[in-house]
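Look for chain A in each of the two complexes below; its partner is chain B in the first and chain C in the second.
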Partner chain A sequence: MSSIDPFVERGPKATALSASAPMRRHQPRLWSGDRFQTGLFLWPTCLFLLVLTLFPFIYSVWLSLHFVRLTALHRKVWAGLDNYASLLTDQMFLAALRNTALLAVSSITVEVVLGFAVAKVFYELASRKWVNGLRSAYLVPMMITPISVGVIANYVFNPQLGVINQLLGAAGGSPVPWFGDPVWARISILLISVWQWTPFVAMLILAGLMSIRKDILEAARVDGARWWHILFRIEIPSVLPIIMLAVILRLIEVLRYFDVIYITTRGGPGDRTMVLTLFTYQQDFQYFQVGTGSAAAVVILILSIIVTTFAVRILRRIENA
Partner chain B sequence: MRRSRISDVALLAAALFFTLISIAPLLWMALGAFKTTAEMIAIPPVWVPDFTYWSNFATLFTKYWPNIANSLIVTLGATLLAMILALPAAFALSTMRVRGRNAIADWILSTRMMPPIAAAAPLFILFSAVGLLGSLPAMVLAYAGFNLPFAIWVSMSFFRQVPKELIEAARLEGCSWFQVLTRVAIPLSLSGIATVATFVFIFAWNEFMLALFLSNRGSQTFPVVISSFIGTGRIYWDYIAAATVIQCLPPVLFAVFMQRHIVSGMTMGAVKD
Partner chain C sequence: MGAVQLVGINKSFGTAKVIDDVSLDIRDGEFIVFVGPSGCGKSTLLRLISGLEEPTSGRVLIAGQDVTQAAPAERQISMVFQSYALYPHMSVRDNIGFGLRIAGFSREETRTRVDEAARMLELTPLLDRRPRDLSGGQRQRVAIGRAIVRSPQAFLFDEPLSNLDAALRVQMRMEIIGLHQSLGRTMIYVTHDQVEAMTMADRIVVLRSGRVEQFDTPITLYDRPANRFVAGFIGSPRMNFIPVSLSEGELIDAGGGRIRVEGRSPDEMRRATVLGVRPEHLTYGSEGGVWSGRIRVLEQLGSDAFLHVTVDGLEAPLVVRASGERRLREGEVVSLSPRPGTVHLFDQDDHAIGAPDPAFRPSRAA
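The block that comes next holds the complex of A and B.
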């Protein structure tokens, strides 16, 4: 990064160094001495961010240590870790934890494999101008409103009227119960999530493929490398960091996956598609059990912090590369 | 690159197939917006509707115009607030000398990754304590807050590309930092800033969960209204289809016109497309 902006990182220690460069003689006056202005630029924003994001997270931790209902906040009783203990015996919470993990593993695996295939197809066609139009259309699912994705899923997966069962019937298949069946409900959510997010993974991998230097590929071809050599020795290793990034960013999204499940299965049938976000939401705003809800929120928070630590590192590394 | 005609056709077929899978469900729903209630539940389905039938849109607009307006107000308000707060901070972090710059930047980036659900109950309590619960300003504040990290982080990458010589020259001419920001940095990164603002607009337009518990009957945004269409009672698929078209129009336009920026935007600028 220092190669792009040589000035910013310089603390008082570096002044001697910069002063030795004749061009930068006025630097101390030009680039600093404005504590007040710097503060004015940065502090309102940081304060806003503190109040609207950091404070709620900390307050969640505090609430999770109390027995408290949303409808009677003033009657707060210290609970210690009791809320967490009760989560461990709550079948719904354990199901939510399992389902979130299951959704993460299954959807991200499918998305990476499928995404690579899609990226490779678009990569091979990249020299054509009109392919840009196809790419725009292809990535529509990742941009459209998630709640609409859920609504569309309700429409096409509808057991009687839904177009998918109609098409299955026309092809001689038997109708599938989709959201109504314990197993199919999970498959439905997986399909929706894969439909929605494969474009994201594919476009990331495509960007990675495009950044492979052409001369390396040419050299390999001249040396007689076949397509599988190029695929396994050059392309896949080159996009591996990008795939890592995609996996991390997708993990973050899975941890906040809410809209689609809320509008389709609402966690059912039973607890088969319950996820952590929906569990937390229901505890907070349907049962008003803010203590339990906050304990679940803290679990999500901890998982997110673990994922985020990796994410920040990988983002910085890729950006600086 | 030499390739046979056959593999060319196969690649094209594959690309068309993937694209079709991507857009078919949305297109199918969009067709429904032009169907009558009866056509919507007909078996076998009506494949091609009468495109001169616009009554679903008309009904929806007359009945739910206040909610569409709520959505627009909240989205525009949040975008504006997020940009006003993000630009000076991004400029300070990218150009000015700030102690602990990297730590602050990392903290901002990590708040982007935090799941909003973990802040749900506290935000609800906070806004009800200050009497803002159920109001549009509450949603503007919350949406801006959760989009601020994105706006700051990506704006930083644009400000870093402003030539240092220009900033130095402006400072030598006696510009205050505020003038450097408004007269040098922002004009020079205008297209980048517009991209950031468009992203924030779409994120805010798509937001659902925050609106679900922050809004009341009068302040419901359009996504909340759409979610209420799918209930236990009778489901009016024709209206739902029209509502989906209205709701998805901005993001679809965004995908078409901003395609080049989407990858870098969704990875916080880490991956250049």
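The block that comes next holds the complex of A and C.
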């Protein structure tokens, strides 16, 4: 049988031949190879990261482990973790930590509740054409440079000339010492933050609401659901992952919150509106305590990393849903 | 109980009239199918019954009560959507039980009812899964489960099987028929598939451009279509239409074919402008028929062969259903004649003239 079928005889031989044949590999030339091209595209980014991100980070960690002044950077004394330990007993730092947390909790809560309400209004009015323009206009506070927001706030909240006190006066109320009062100063910062960031949260939630399929809402209506059932059992659960994302993005932003407070209250009165970034700035550039300032910066960084890790996880979950 | 009445329903979206003066009387427990080409308004009509759309004018009555202004929630109806429309963030159990929970049923009562529905639909092992972990057929079952737990007055189905593959579609069709038999509730079912319509319905509503063309039993639609549209829409392959005129007591087509039509009055013959004959009502042979032509295309299905025969003088080829045919080949010449008593006549307004067979009696008056 096998002698009739030529392929059976020649099969193994042919395989052996091709296997033993030398593989002629094309040697890539240095200037045309994929590897070179990849490198060419990558090095600017790598250099950028190295010089502007990695080096400052390592340098500040290094500085945080020393007693050192900005005016005499060459005279460093090894401190180990002493700078971190002193932070934990520094009343100003602890106040900054508390205030940052307080600002985060209060402003994000208000922004989410208000943002959801605003998103819902835009969602219900989405079929009307003029709403599109309004929606874009609503995003303006988010686009203004934080420094400008601070300057605007200075005018708006000015006790004598500010528009808010003018309006309060016109309505028969007594003027409020906005940035000068321990309680009102915090409320002012909260109001500014809410004004600036609610649009961002609202737009995220609006996108979430828009992505709920119409037929699901119709199915719920046929199932007997009233508006409150739809709100609490369909809409809110559906946008919950988006709300989580908004909360985390805002947390990162609150940790970096600096410009507005620097322009308006400077952390005062006393330490009532002191936040982590402002504390770090003052240590580094007002008191020249670079070691302590760097330690505070590292703490901010660690907090950011923790928050970002959660953010990535939640983003993944949204992707998979 | 679950009777549904539509009285003079009109619906416009802007200037576009989608439903045009529709009145229907659906009896309790009937299985009604709305069928028609895309854009005929069949889904809109269903949504008007469900309350998801409000009519521009007219009234909707369910179980004798005027529900025209009532919200969907107040109509005691269930609806199964083409896209299933399951709540993605809820488990299968919560999806099915959603309507019961918000209607104020206790946790135990909901659980009992959901378990019962799940058993009926063989969903018990899937109760804790999310919709995204289910196949298309399973999702459809959950949607049906969600509809039946609330024991509504009537079930509305909006093209529920069109997202399923062919085999699953046949199976689900049987299950829905079974469900109708065991529940005995009114079901209104929208489809563009005439096979679904013919096999499932007690009565079919044929719609075109928002108007009811005919509302009758499947067999009546087939045997006695009210007009040329229904005649062409029901039956596959579709009915052959041949323009004719009267000459010396016989109908003559453009190719000179003389067709003797029995049992029709001279007046009926005079009004006829188009003659219709179904592919399965044409007999074929080698000679002696009314028409003679060459087989241009032969579609062989095994059980049947469809012959597309080009006849000189006729615009469209005549289609013949040849049961179990094996010998004929493309290019051969065949001779065709209609079986006696199967010819439909239509006037210049496309209305049917009389019945094809005088002995034919409609099974139920519409």
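Note that in this section the second predicted complex is superposed on the first by the 283 of 321 C-alpha atoms of A that agree within 3 Å, B and C clash if a C-alpha of one lies under 4 Å from a C-alpha of the other, contacts with A are read in each partner's own complex, and residues count from 1 in each chain.
To be clear about the criterion, a contact is a pair of C-beta atoms (placed from the backbone, for glycine too) under 8 Å apart; a residue touches a chain by one contact, two chains touch by 3 or more.
Quick caveat, the model's predicted, so the values are computed rather than measured.
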Side-by-side fit of chain B and chain C on chain A, or clash: fit
Which of chain B and chain C A:Asp215 touches, first, second, both or neither: second
Contacts of A:Leu125 with chain B and chain C, given as first, second, both or neither: first
When both partners are placed on the shared chain, which of chain B and chain C touches more of chain A: B
Contacts of A:His74 with chain B and chain C, given as first, second, both or neither: neither
Minimum C-alpha spacing, chains overlaid - chain B and chain C, in Å: 7
Footprint overlap on chain A, comparing chain B with chain C: none
Residue ranges of chain A in contact with chain C within the complex: 213, 215-216, 218-226, 229, 233-234, 237-238, 321
Chain A to chain B touching residues, read off their complex: 4-11, 26, 30-32, 34, 37-38, 40-42, 44-46, 48-49, 51-57, 59-60, 63, 70, 73, 118, 121-122, 124-125, 127, 131-132, 134-148, 150-156, 160-161, 163, 166, 170, 195, 199-200, 203-204, 206-208, 210-211, 242, 245, 249, 252, 255-256, 258-259, 262-263, 276-277, 280-281, 284-285, 290, 293-294, 297-298, 300-301, 304-305, 307-308, 311-312, 314-315, 318-319
Partner chain A, residues of chain C touching it in the complex: 50-52, 71-73, 77-79, 81, 83, 85-89, 98-99, 102-103, 132, 146, 150, 156
Residues of chain B defined as touching chain A within the complex: 1, 3, 11-12, 14-16, 18-19, 21-23, 25-26, 28-29, 32, 40-41, 43-45, 85-86, 88-89, 91-99, 101, 104, 106, 108-111, 113-126, 141-142, 144-146, 148-149, 152, 157, 160-161, 164, 168, 171-172, 176-178, 181, 202, 205-206, 208-209, 212-213, 223, 226-227, 229-230, 237, 240-241, 243-244, 247-248, 251-252, 254-256, 259, 262-263, 266-273
